[in-house]
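Letters A, B, C and D name the chains as they come in the text, with residue numbers starting at 1 for each one.
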Amino acid sequence: MLKEGEIRIPSGCAISGIFSKSGKRISGESIIKSIATMHDRSNGLGGGFAAYGIYPEYKDYYAFHIFYDGNTSKKECEEFLERHFDIINLSKIPTRKTPGITDVPLIWRYFVTPLPTKLSESQLDEKEFVARCVMKINTKINGAYVFSSGKNMGVFKAVGYPEDVGEFYRLSEYEGYCWTAHGRYPTNTPGWWGGAHPFALLDYSVVHNGEISSYDANRRSIEMYGYKCTLQTDTEVITYIIDYLNRKIGLGLEEISGVVAAPFWQVIDRMPKEEKEKYTYLRNTFASLLITGPFSILVGFDGGIMALNDRLKLRSMVVGEKDDTVYIASEECAIRIIEPNLDKVWAPQGGEPVIVTLNGGAK
Amino acid sequence: MKKVYVNEEWCLGCHLCEYYCAFANSNERDMAKALKNVSIHPRIQLEEGNNINFAVSCRHCDDPLCVKGCITGALSIHDGVITADTNKCVGCYTCILCCPYGAISPSDHGVIQKCELCTNNIKGTPYCVQGCPNNAIVFEER
Amino acid sequence: MGVNYLYPEYEVVRNMDRCINCRVCERQCANEVHSYDEERKIMCSDDALCVNCHRCVSLCPTRALKIVKSDHTFKENANWSGRSISEIYKQAESGGVLLSSMGNPNSFPVYFDKILINASQVTNPSIDPLREPMETKVFLGSKPNKIERDKDGKLVNNLSAGVELAMPIMFSAMSYGSISYNAHESLARAAQEAGILYNTGEGGLHKDFYQYGKHTIVQVASGRFGVHKDYLEAGAAIEIKMGQGAKPGIGGHLPGAKIVGDISKTRMVPEGSDAISPAPHHDIYSIEDLRQLVYSLKEATDYKKPVIVKIAAVHNVAAIASGIARSGADIIAIDGFRGGTGAAPTRIRDNVGIPIELALASVDQRLRDEGIRDNVSIVVGGSIRNSGDIVKAIALGADAVYIGTAALIALGCHLCRSCHSGKCNWGIATQKPELVKRLNPNIGYKRLINLVKAWNHEIKEMMGGMGINSIESLKGNRLMLRGVGLNEKELQILGIKHAGE
Amino acid sequence: MYKAALITQLYLKRGEKMKYVIIGNSAAAVGAIEGIRKIDTDGEIIVISKEPYHVYSRPLISYLLYGKTDEERMKYRKDNFYEVMNCKTILGKEAVKIHPERKEIELDDHTAVHYDKLLIATGSQPFIPSVEGLESVKSKFTFMSLDDAKDLDNSLTPDSKVLIIGAGLIGLKCAEGIRKKVSSITVVDLSDRILSSILDKEGASVVQSHIEKENIEFILNTSVAKFLDHKAILSNGEEVDFDVLVLAVGVRPNINLIKEINGKVDRGIVVDEFCQTSLSDIYAAGDCCESHDITTDQNKVLALLPNAYMMGECAGTNMAGGEKIYDKAIPMNAIGFFGLHLITAGSYEGDVYTQNIPGQYKKLFVKDGLLKGYIIIGNIEKAGIYTSLIRDRVPLSDIDFELICRKPSLMAFSKIERKKKLGGVIHGY
């Protein structure tokens, strides 16, 4: 059977997220508990987590998490890394034997920073340089796959139920101010570790539940801007779109939601002049990056998180608040299980972004 | 009141209105049966000249000379529609003498005939209008 | 010449039981097929004159008429078709170039008919356009690749001039001269009410129609007929016509007989003298010349109008399009080899150009490969026959489509393909007042609006089925298409999978 | 007219009903009733007539004898007409005198009827020439009223030899009416042609020869010198045997009621364009009056039904306080004999335009750039278009006269005129 990248795979999912506005560092336990409650929304073919603020001691270095089929690809990849980066620290990512997790690849973690010489001759800004290197590895080096490449953050994913994945990566031993989790329900794949979610590029990580109908329109457009959609998953293309609009074009998250989940014309027409012009401009200029069809996503980024539903809200998504902690999940139960008495619970409108950032900054 | 109006700008001079009129007033169901081997005397009649054509039928005047002139009382107005009681009519043709539009004509039965907006045949609504291929004849309020 | 080798192509079949001698057939046939025999008191017809336009058939009040293809044949011959033989007879007799009208009628593959559209099942929901908003509004024009903000960080509108369409449909270029005043009025009024655009073609813009300027594309063709400042400023967009699908590589020729009255005024061509559009623009022998024309037109209208460059779909269309996308043009219009015409040499029409589906697919992909797809919008024409074709074209990568033949059919055209005779019985492709009169714009524009509104509704239904609720998410969304009975090469060019994959 | 209007308003203020009285019960009377009711729906209307009949159409008496209609169908308005129009009728009694000072009418039974507004629609009566021996003729008839027709009819036998004095409309219609019922008909007229009041010589001869086919004999340029019982001795010495005599030499308007009280009269009662007589609150309409013939600019008696109706309507409207002017009177006739139809209108002055089309005799008379009159015998289709040219005094320079000469058609009018006529709302006359 074909795996991700060779074929497009629709899937249903469960997502969950926890964010501490004060930057309080939360252990991985609660997010595991939360995603586990939605066990039935995944089918054991993929689970994963993204955590922000977990590598304070290495916060100035890019943390690469890489899967290897075997030692040859590892060797080839590390040579590539050495050619382009100064590797500060490298280690196997600590895991625990778990019955639910099998066919484990080699999983390594590298804290790196670009070699100044390479960077300057590339004439790219640092992030672009890093991003391109990641794409290079993922497309050119057979058997090596970078699944996390941001600073002071990390993605942990595998084939299996999310709670097992959490167990496997010993996430209770990590602490971060922001956690997102994903349980996957692909309809036609054996599941591949790289294909599990979250999907991440640099600091951006995306967990997504849905199947977007605009996929190929989005894909063919974003690929014009130097991205390569190797996995053919919604999450991948959404991540690239957000990276493109935010990092390369310079749109704010609110503006980005005005592109990917743009208001309907009938809504725009009723807006006050200035708003109207803004949203008309966004829809017109970035028309091909509009995302249609059902999706609910959690976008993690440095110091913040954004939750967004498609404009028709064809997927469930609930937000809860308790003191300075924000919870977001596909189902309310996944929030209640970790915080029974919330100050506030609501279901955001389709296309209405929920953006939360650190007020105190990461501690 | 809705009346039949003709717009010569769009009249093609195809004469179909005349045939649809004759058909409507034959009260036959099949046009071929009604008009085969018949020389028609329609109540709407085309005037044609060099590239100008228009059909003329009763204008159903608000203040009709034909009705006033009728010596028998056969012509009368019913909710705006001027109708002829052919049973009363003796065919003196005073109405033809009076009508400024030449819209009343002798019938085949020695009396007169005129457009009654198809109110008195099986069609019920002006059939010339329905038959006009170019909307040159319309049935509307003005 | 002595013997006439040509046997009538059609036979007029008259049901004598139903014919009532109303003579409408006689009055309505500009080819004088029908006549009334006073002695025998019956209608007669001369088959040889019939072009099978169905005017008489449609108007016959008793349905007494039908036109059938003559079953008179030549001896069976798989190679020498009756058509080939007859054409040789014609040329042997006339010594002239064969003329034809409307699009290529030959049996080349129609790729639209070998492409199927997707729909949602289970894993994501289809959307009901009657219950949910379903958006088909389209902006045409080039998109900036960076944003600008003012000092307080507000986004600045840095879009260059474009056009907005209520639906991804426009009426393609048909000149006043090739079609009648009433046909133009119908198109203009329909475009205005439907919120789309129509195209003047190369015949200039009649003063009566300046009022529809906001919905008008003014064309600049190699003959430059009727082109002046007011004309350029009147339109919502300017189209440079480099080529036409029906006759790539050759110009146009409107015989002096048709240059009369308003046509001569509108075209700025003296009455009675032929209006000849040269094959090329004589100021454009190369791509950089095109760039100059694009910018001189923009200068002339101080950058307030988007410029469209229309080309015929020819073999290296992708490379040409790439050049145009870098020429400052805002929109590329591509006309497929089945595109219609008022008159073209038969051999050119039937043998030159390539199918629009393939041209579109390769152009869209090429522009993406070069990262310049956003520089231009792509509009395709050349036999868009229904809303299915439109959905497929957009999914292949078009921003919008041009419809010409379909629009004329809505106006009553029966595709008899005799436009070049100038005796269009339906009042479309003629300038004879008594024939032009037959097209009442009050009827015509309503029929056009009905057509595009119906198509727009069907487009929405199909989008809804795919779970797409905005047309921009369909554009270039080739995963929504599958091919049937296409070979690897065709699939590869179209950039789609085969059904079942 | 304003005077009437003021008075009506006065009455309406006082909440009283106007009382309209109409003497006569024919076309003019009906026109008046319908005219009044368009404006005043509850005023009282009284119709006085010496005839006992529901209103009927006099011109139909010949068709009655001919068998083309019957008494029922002769009714000029439906049976419920007076009811619907809410009129009182005093039928079978004759108004013998008007007392304008008391605003009263005296009937032949010496009862009196009060009026606020009075209409004289007394019509006309046959003129009886004084011919020696006329009194000796037993069965002699006039041909005006339903009773005339009935009496005549009763006296006819298949062998009757009928002598009709007068080859005018009445005489000839009578001849047509009784043709099938008698053995012979002879028509004598002083004039050199039949229908002298409406036809020129040529036209007359066309019609004459057609009528003669029905073997009706004409003796023209001749009058009856004297009657000897069943014999008439003519001015040319000829003798004609007959057993039934019909006198149809013409009619005289009934003007006495007005004349007696010194209202202005000439040949007929004189009225202004509002159809009012010289006396206040007294109007007159129909055959008893003179009308102003716009084609000759002369006042003359136009004893024509359409004319009577329109005068009546005009009078009625003004009586009820409305304002209507009747200033388009012209002589006009549509009539047929034994299937030959003729339509004539206006006066026959000025240049003549003749059209010789087989089956049609047509003459147009043009003066001062206006169509003044026409004669059409045979195909009379669309003749009304000519009539309108006369009535509306359409300058022939404004239309395609050459075309309209050939056949009456709206095509001859300017595009704008056509648009008005065919496109717009049509207002009445």
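Rule of thumb we're sticking to: contacts are C-beta pairs under 8 Å (C-beta built on N, C-alpha and C of every residue); 3 or more make two chains touch, one makes a residue touch a chain.
If you want to know which protein each chain is, UniProt gives these names: A = Glutamine amidotransferase type-2 domain-containing protein; B = 4Fe-4S ferredoxin.
A quick note: this is a predicted structure, and the numbers were derived from the prediction, not measured.
Of all the chains shown, the one with its CA centroid nearest the global CA centroid is C.
Chain A and chain C have Cα centroids lying 47 Å from one another.
Averaged Cα coordinates give chain B (4Fe-4S ferredoxin) a centre that lies 28 Å from the centre of chain D.
Chain A and chain D have Cα centroids lying 104 Å from one another. For this pair, chain B (4Fe-4S ferredoxin) with chain C, the centres built from the Cα atoms lie 44 Å apart. Looking at chain D, one finds that none of its residues touch two or more other chains. Within chain B (4Fe-4S ferredoxin), contacts with two or more other chains are made by no residue at all. Here, these are the chain pairs in contact: A-C, B-C, B-D. Against chain B (4Fe-4S ferredoxin), the residues of chain C that register as touching in their complex are 17-20, 22-24, 27-28, 58-59, 61-62, 64, 433-434, 437-438, 440, 442-443. Note for the complex: chain A touches chain C at residues 8, 10-12, 187, 210-218, 220-221, 223-225, 249-251, 255, 262, 264-266, 274, 277-278, 281-288, 290-294, 311-312, 314. Within the complex formed with chain C, the chain B (4Fe-4S ferredoxin) residues making contact are 9-10, 12-16, 19-20, 23, 31-32, 35-36, 38, 51, 131, 133-136. The touching residues of chain B (4Fe-4S ferredoxin), when paired with chain D in their complex, are 5-8, 47-49, 52, 54, 56, 59-65, 68-69, 71-73, 87-88, 90-102, 104-106, 142. Remark: chain D residues 27, 31, 57, 59-60, 63, 68-69, 73-78, 305-306, 309-310, 313, 332-336, 341, 343, 345, 380-385, 387-388, 391-392, 403, 408-411, 415, 418, 421-429 touch chain B (4Fe-4S ferredoxin) in the complex.
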